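Each of the next two complexes has chain A plus one other chain: chain B in the first, chain C in the second.
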Partner chain A sequence: MIAYLLRRVGYALPTMLGVAFLCFMLVHLAPGDPLVSILPPDASADLQKQLMRLYGFDRPLPVQFGHWVWRALQGDLGTSIATARPVVHEVFNAVGNTFILATLATLIGFTVGSLFGFVGGYFRNSWMDRAASVVSVIGVSLPHYWIGMVLVIIFSVQLMWLPPSGAGPSGSGQWQWDVAHVKYLLLPAFTMSFIPMGIVARTVRALVGDILAQEFVVGLRARGLGEFGVFRHVVKNCAPTALAVMGLQLGYLLGGSILIETVFSWPGTGFLLNQAIFQRDLPLLQGVILILALFFVGLNLAVDVLQMLLDPRIERT
Partner chain B sequence: MPDANLPLSPPAVMLRDLHVSFTMPGKQINAVNGVDLLLRQGEVVALIGESGSGKSVTLRAIMRLLDERGTCMSGTLSVNGKDVLGMSSRALAAMRGKDVAMVFQEPLLALDPAYTIGNQIAETIRRHERITARDAAARALALFEKVCIPSPQRRLAAYPHELSGGMRQRAMIALALACHPKVLLADEPTTALDATVQIQILLLLRELQRDLGLSVIFVTHDIAAAVEVADRIAVMYAGRIVEEGSTRALISAPRHPYTIALLNSRRHAAEQRGTRLETIGGAPPDLAALPPGCAFAARCSRATDDCRAAQPLAFDVEPDHRVRCIHTGMTAATARI
Partner chain C sequence: MRLKIRSSLLAVFRMALLSSLSTAAFAQEKVIRIGMTAADIPRTSGQPDQGYEGNRFTGITIYDSLTQWDLSSTSKASEMIPGLALTWNVDPTDPTKWIFTLRPGVRFHDGSAFDADAVVWNVDKVLRKDAPQYDPAQIGATLSRMPTLRSARKIDDLTVEITTSEPDSFLPINLINLYMASPAHWEKKFAAVPAGITDKAERSKAAWTAFAADFSGTGPFRAAKFVPRERLEIVRNPEYWDATRRPKVDRLVMLPLPESSARTAALLSGQVDWIEAPAPDAVDAIKKRGFTLYTNLQPHLWPWQFAMQPGSPFADRRLRHAANLCVDRAALKELLSGLMAESTGIVSPGHPWRGEPTFQVRYDPAAARKLMIEAGYAQVKPARIRVQISASGSGQMQPLPMNEFIQQNLKACFFDVQFDVMEWNTLFSNWRLGAKDPSANGAAAINVSIATTDPFLAMARFVSSKAFPPVSNNWGYFSNPDIDVLLAKARTAFEPEQRDRALAVLHARIVDEAPFLFIAHDVSPRALSPKIKGVVQPRSWFIDFTTMSVD
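This part shows the complex of A and B:
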C-alpha cells in the first residue's frame, strides 16, 4: 500500500519535470522575441538589453530553465506583464474561482449522469434508457457556450432570475458563500455540468450493464439478496471506474472551461488563460499552464490512489 | 439410503412437467421440456447430460434464478412443499440462501470480486438472521473451519481472486451453507477444478451432505463424479429426463440408448491403447426446433418411424428406474456390459 503510493509519486515526478520544461520552452518556441510584445517598437538597443537582463533572457537556456524552476519551487512565477501583480497571486485567485465552478458542475453532472447511467443500465433498451441516452447525447453534442447563451437568454434576460455574468455583485472577484454570490454561480455551473453529465451517463450505463450481466449477480440473488442488496454491490463494483472518470472530468473542467468562463465572464483559469493569450502576457501564460498541468498530474495521482483503495485488484498489477 | 417417503416431510424438491423457454429475437429456445424430478429429504440426485441438455437451466429454475425477462416457466415446482413458481419476489428472496443454496461452477465468477469472502458470508447470514456483525463473523470463521480451509482467519479477509481454485470452491461451499439450508443445488461444482482438487471437493461435499443431512441436486457431465456422490442419477437430453434410476441400476443396466452411448463413450476410454474411443455420432438437437418425436432419434441406431412420430412416454422398467424409450425391450438384452 505505502510502497504503491511511493511508486506512483515516483512516476509523477518526472512527468512534472517534463511539464515544467515544456512550459518554460513555450516562451522560446513561440515565434518572435518574447520581449517584442512589451517593448515599444522604437525602443533603443540599450533598453532592449536592459530588459533582457532584467528578465534573464541574456543567459544560456539551461541556466534560465534552472533558475525558473528554482524560483517556481519557491512559489515565484514572475510578474504579470499586464497587471504587474505576481503571477502566482493571479493564478491562485483564478484557480480558486474555477475550482468552485468546476466542482459544482462536476457534482451536478456526476449526480445527474450517474442517475441516467443507472436507469439506462438497469432498464436497458426501455423507453427510460432511450430518453436518458437522448438527453446525454444532446448534452455532449451541443456546443456548451451556445447552451450557456440560451440559458442566459431564458433565465437572465427573459425571466430575470439570475445574473448573466460575473462572479458576484461587487465584481471584485472575491468569492463569498452567500446567496448573492451563489446566484452568479448557478448558470455557469449548470451549463458546465453538461460536459461531465453525458460522459458519466454513458460510462455508468455501460458499467452497470456489464456488471449486471456477470455471474456474480446471479450469485448474489442466490444468497437471497433483494434488489437493494444487489444494487449496493453494483455500486461498489462500478465506483472505481466511475470515480476515475469523474476525477478526469473534474480535471478537464478545471483547465478546459475557456469558452464557458468567457461567456459568463467568470474570473477563473480559462478566462485568465484567454486574457493572457490575447494580451501576450507570457509569464502569466507560463504560470497558468504550469499550474494547470501540475494540477492534472496531481489529480491523476489522486484518482489512481483512490481507485486502488476501492478496488483491491489494482494494487497487484 | 435414507428412507424415502416419510409421511410428514414433503419432498425437498419436486418438479412436475417443468417447462422453461427463452424468448430470443425471432425464435424461442425450449431449454427444458417437461421435467419430472423428485428429490427426497436427505437424498443426492445427480443430473447428468451433455452441454445444452438443460441440466443447469433446470437447476437454476428451482431457485428461479433465470432472468425473468425473456424466460417463460410453467409446470409445478416446489421446494420443501412450498410452491416456488407462485412466490412473491420477497418470499423468493427469503427462501434463497436460507432454505435452498447454490454452489456455482466457477466461484471466481460467482463471488463479488470487490468484497472479501468473509464479508460476503457475513452479509448473507445477516440478510437472513438478526445477528450482530461480530457473531456473523464468528459464524463465518466456523464455516471456514468446517470446510477445512487452512488459516481460516486470514482467508476470510481475502478477496476471491487471492485464493486458489480449490480454496475458492471451499469458500463457495461455506457461503452456501452459511444459513443452514436443507437443500443444496450444486451446478458442476468440480468442473473448473484440477483433477486432484476435484476429488477433495467431492469428498467434502459428500461428507457435509451426510453430516448435515442435506438434500442435494448435483449437476455434472462427469459420470464418475456422479457415481461417487449420488444415490440416484437422472440423465437429461434436449431438456427432458430420458432415464432415471438408482445409481447402481443406471450404471450396471442402462436402458435408454442415450445413456448406453454416454456410458460407452467413457468406458472405452480406459481400455487399452489402440482401441477407438466410442463417440455419439451427430450433434445435440436445435432447442429452437425440436422434432415432434424422440429428440435422440436422429442419433440413435435403434430409431424407428414410431420414435420419430411421437414423444415416448416415461415408464418404469423396474421399481425406481424410469426410461423414456419405446425400445427398452431391445436395449434390455444388449445393454448389460
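This part shows the complex of A and C:
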C-alpha cells in the first residue's frame, strides 16, 4: 500500500511540472498585455515598455519560467499584478469558498442523482424511470449558467427569498453556517448540483440495471433474501464506481465553475480564474492553475485509494 | 438548579436585548449599497485602477487632490476648482514651474497633517525610482494622465513647486488624477513589514499592500472594511475639511458585480440600492419597479479613429467628412434605448472648449454620397475599409450592434466596411502600436472609446504630431501643422479663460479636419433606489456622494 502510494506520488511530480510548464507557456503565448490591470488603455507604448521592465516581463521566457518555478518550490507564487496581494493568499481564500460550494453541490447532486439512478435502475422502462431519465438528461444538457439565471429571476427577483449574488452579508471572510449565510449558498449550490446529479443518476441507473441482471442477484433471491437485503447488495456493488464518479465530479467542481461563480459573484476559484484571465494577471493565473492541477492529482489519488479500500478485489500493480 | 435556570434565562434575555439594540442601530445607520461594473474592488492605495470607475469609487471618496472637479451642476460641464490647493500660478520667469499654495489645517484620516512634504512624497511615489514609496503599480494610471509632470519641491510647509517637461497649462487639470495618500500612515505600514523581507522593492510592495487594506487619505469617507474582491465599506469622515461637503450618509458599501444581469438582479432583489450601467434591455423593468434612472452627458467619446497614413482611404478629408455625414445617430440612439448622446465633435455644444466648427457633423447621406463621388467612389466602386473593433470592453458601450448599424449606414454612402473583431485587451494593445504596425492589419480605422475629461486626454494625444506611437495615442498618425500651432498656443495659455478660448479654436479646427468618425457619447446610466435623495448627476465620469441622503 505504502509502495503504491509512493509510486503514485512519483508519477504525480512530472505531471505537475508538465502542467506548470504548459500553463506558463499558454498564458504567455496568449495575445494581450499582462499589465492591463495597472495600465489604462490610454497609456502610451513607451510607458508600457517601462512597466514591462519594472515587472520583469522583458526578460526571456525561460528565465521567467525558471524564476517562477524556483519561487513556487519555496511556496511563493508571487503577487497578483492587479491587487498586489500574494497569489497564495488569493488562491487559498478562493479554494475555501469553492470547497464550501462544491461540497454542498456534490452532496445535493450525489443524493438526488443516486435516488434517481436507483429508481431508474430498479424500475426500468416504467414511467418513474422515464421521469428520472428526463431529469438527469436535463441536468447534463442544459447550460448551468442559464439555470442559475432562471433561479435568480424566480427566487431573488420575483419572490425575493434568496440573495442573487455574493458569499454572505459581510463577504466570505466571515463565513458562518447560519441561515443568513447559507441563504447565499443555496442558489449557486443547487445550480451547480445539476452537473453531478445528471451524471451520477445516469451512472447509477446503468450500474443498477447491470447488477440486477447478474446471477448472484437471482441466487440471493432464490435463497429467500428480502428485497431490502438484495438492495443492500446492489448498493455495495454500485458504491465503488459511484464513489469514483462522485470523486471526479467533486474534483471538477473544486476546480470552480467559471460561469456559475461569475453569475452568482461567488468568490471561488472559477470567479478568480475568470478575473485573472480578463485582467491578464499572469502570476495569479499561473498560481490558480497550478493549485487546481495539484488538487486534481491529489483527488484522483484519494479516489483510487478509497476504491481500493472499499473493494479489495481491485489490485494495483 | 432554579438559580441556574434563572441565570441562563437572564443571559438569553441580555443577548436578545443586545442583539435587538445592535439591529436597531444598524437599521438606523444610513447606508448606500452600490453594485459596480468593476470586476474587482478598485485599488484603494491612492491611485485607483479600473479606469475612471475606480476614481469614482475609491478615488474621490477616500482621497483628495490638489485640484478637483466641481460636481455640483447637472447642466454644464464640470469645471476644475480648488481642492487641497487653494491657489496656483505658473512661475512668470519659467513657465515649466507651477507654484501651488496649499490649504491649511487639513489632516489625513490617521490624524497626520497634510502639507508640502506630503505633496512631494505623493509625486515621488510615481516618479522617483529611488524613493522608498515608489510604486510601479500606481504609475500606469497616473503618468498616462499627466505626461509632462517631472518633479515636486517643497518651498515651505504650505507651498510647493511642481515642474513640467515643457510649458503646460493643462497641468492643474491633469493633477486632479493625483490623489494624496498619507505618508505618515504608509511609513507605519513600511515599518511593520517583517524583517525577513529584505529586498527594498519587496518591502515597499508589502507596505503598499498593507496600506491598501487600511488606507488613509483626506477625503470625505474613511476606511471601514475591506474584503478583497468582494466588498469595500467606507464610512463618513465627520472631520472632513470642507464642512459643506461632509457626507450625510453613514456608510457606502461597494460590491463588484461585473455581469450586467447579476447587477440588475441585485438591484431588483433589494441586495443593492444602486447599480452602474444597467443593461439597456433591463431599463424598462427597472423603472417599472420604481427605481430611478439617472443619465447625463459624460466626457466620453465612442468614435472611429481614422488612419491617415498614405494609402489609407481616410487620408482624403472628403471621405472623413462623408463618413461623418452618413451615420444616423438618432436611429442609433433609439437602438440603445436612448442610452447615448449624439456626438458632433469631441465635446458637445455648450462646452467651453467646443468653438464654432465650420464642418457640421449631421446625418446627410446625400451630401455624403456627393463627396464620395467627387473623391472617385460609387456604388459599384466602393471604398473598401477595414475597421478594428472589440466584442465588448470597458467604455465600449454595445460595440457589436453599434458597429453593425454603422456598417449598414456607411454602405449607403459607398463604403464597404469589414471588421476585425478582437478581444478588448488585444484591441487597445494594438491601439498603442499605431496604424502602421502589423497588428493594425491594414485597418483604416479603429474603434476605441476615449475619456475626454481634460485637454490632453480629449485632444492633444490624438492630434499632436508629437503624439505618434509609441509616445501617445495618435494611432492614425494625424498631423497638421496648423493644429500643432493651435495646440501649442493652448498649452501656453495660462489664464483659464485664455486657455479655454484657445482650446475652443483648436477643437473647432479638429472637427473641421475630422480625424474621427464622431458617433456617440456615453450618458453614464445608473439606476438608484428612490430612497436615495439629493442625487446630482453631473456631466462627468464622477459623482459627489456627499450630497446624498437616505430616507
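In this text, the second predicted complex is superposed on the first by the 271 of 317 C-alpha atoms of A that agree within 3 Å, B and C clash if a C-alpha of one lies under 4 Å from a C-alpha of the other, contacts with A are read in each partner's own complex, and residues count from 1 in each chain.
Heads up, the rule we're going with is that contacts are C-beta pairs under 8 Å (C-beta built on N, C-alpha and C of every residue); 3 or more make two chains touch, one makes a residue touch a chain.
On a predicted model such as this, the values are computed, not experimentally measured, just so you know.
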Query: In the superposed arrangement, which partner chain does A:Asn93 touch: chain B (first), chain C (second), both, or neither?
result: second
Message: With both complexes superposed on chain A, which partner does A:Gly287 reach: first (chain B), second (chain C), both or neither?
response: neither
- prompt: After superposition on the shared chain, which partner residues are touched by A:Glu215: those of chain B (first), chain C (second), both, or neither?
  reply: first
Message: Quick check for you: in the superposed arrangement, does A:Asp311 touch first (chain B), second (chain C), both or neither?
response: first
Message: Is A:Lys236 touching anything from chain B or chain C once the two structures are fitted on A? First, second, both or neither.
response: first
Query: Looking at the overlay, what does A:Gly113 touch: chain B (first), chain C (second), both, or neither?
result: neither
Query: Should A:Pro196 be classified as contacting the first partner (chain B), the second (chain C), both, or neither?
result: neither
Field: Intersection of the chain A residues that touch chain B with those that touch chain C
entry: none
Query: Inside the complex, what are the residues of chain C that reach chain A?
result: 39-40, 43, 45, 49, 51, 136-141, 143-145, 147, 205, 208-209, 212, 225, 227-231, 255-259, 261-262, 265-266, 268-271, 394, 423, 425-426, 428-429, 431-433, 448, 450-451, 457, 461, 469-473
Query: In the complex formed with chain C, which residues of chain A make contact?
result: 31-33, 35-51, 54-55, 79, 81-85, 90, 93, 149, 152-153, 156-157, 160, 163-167, 170-173, 262-265, 267, 271-272, 274-275, 278-280
- line: Listed in rising order, the residues of chain B that touch chain A in the complex are 60, 63, 65, 89-90, 93-98, 101-102, 104, 106, 109-115, 120, 123-124, 127-128, 159, 161, 175, 178-179
Query: Which of the residues in chain A end up touching chain B in this complex?
result: 214-216, 218-226, 229, 233, 236-237, 310-313
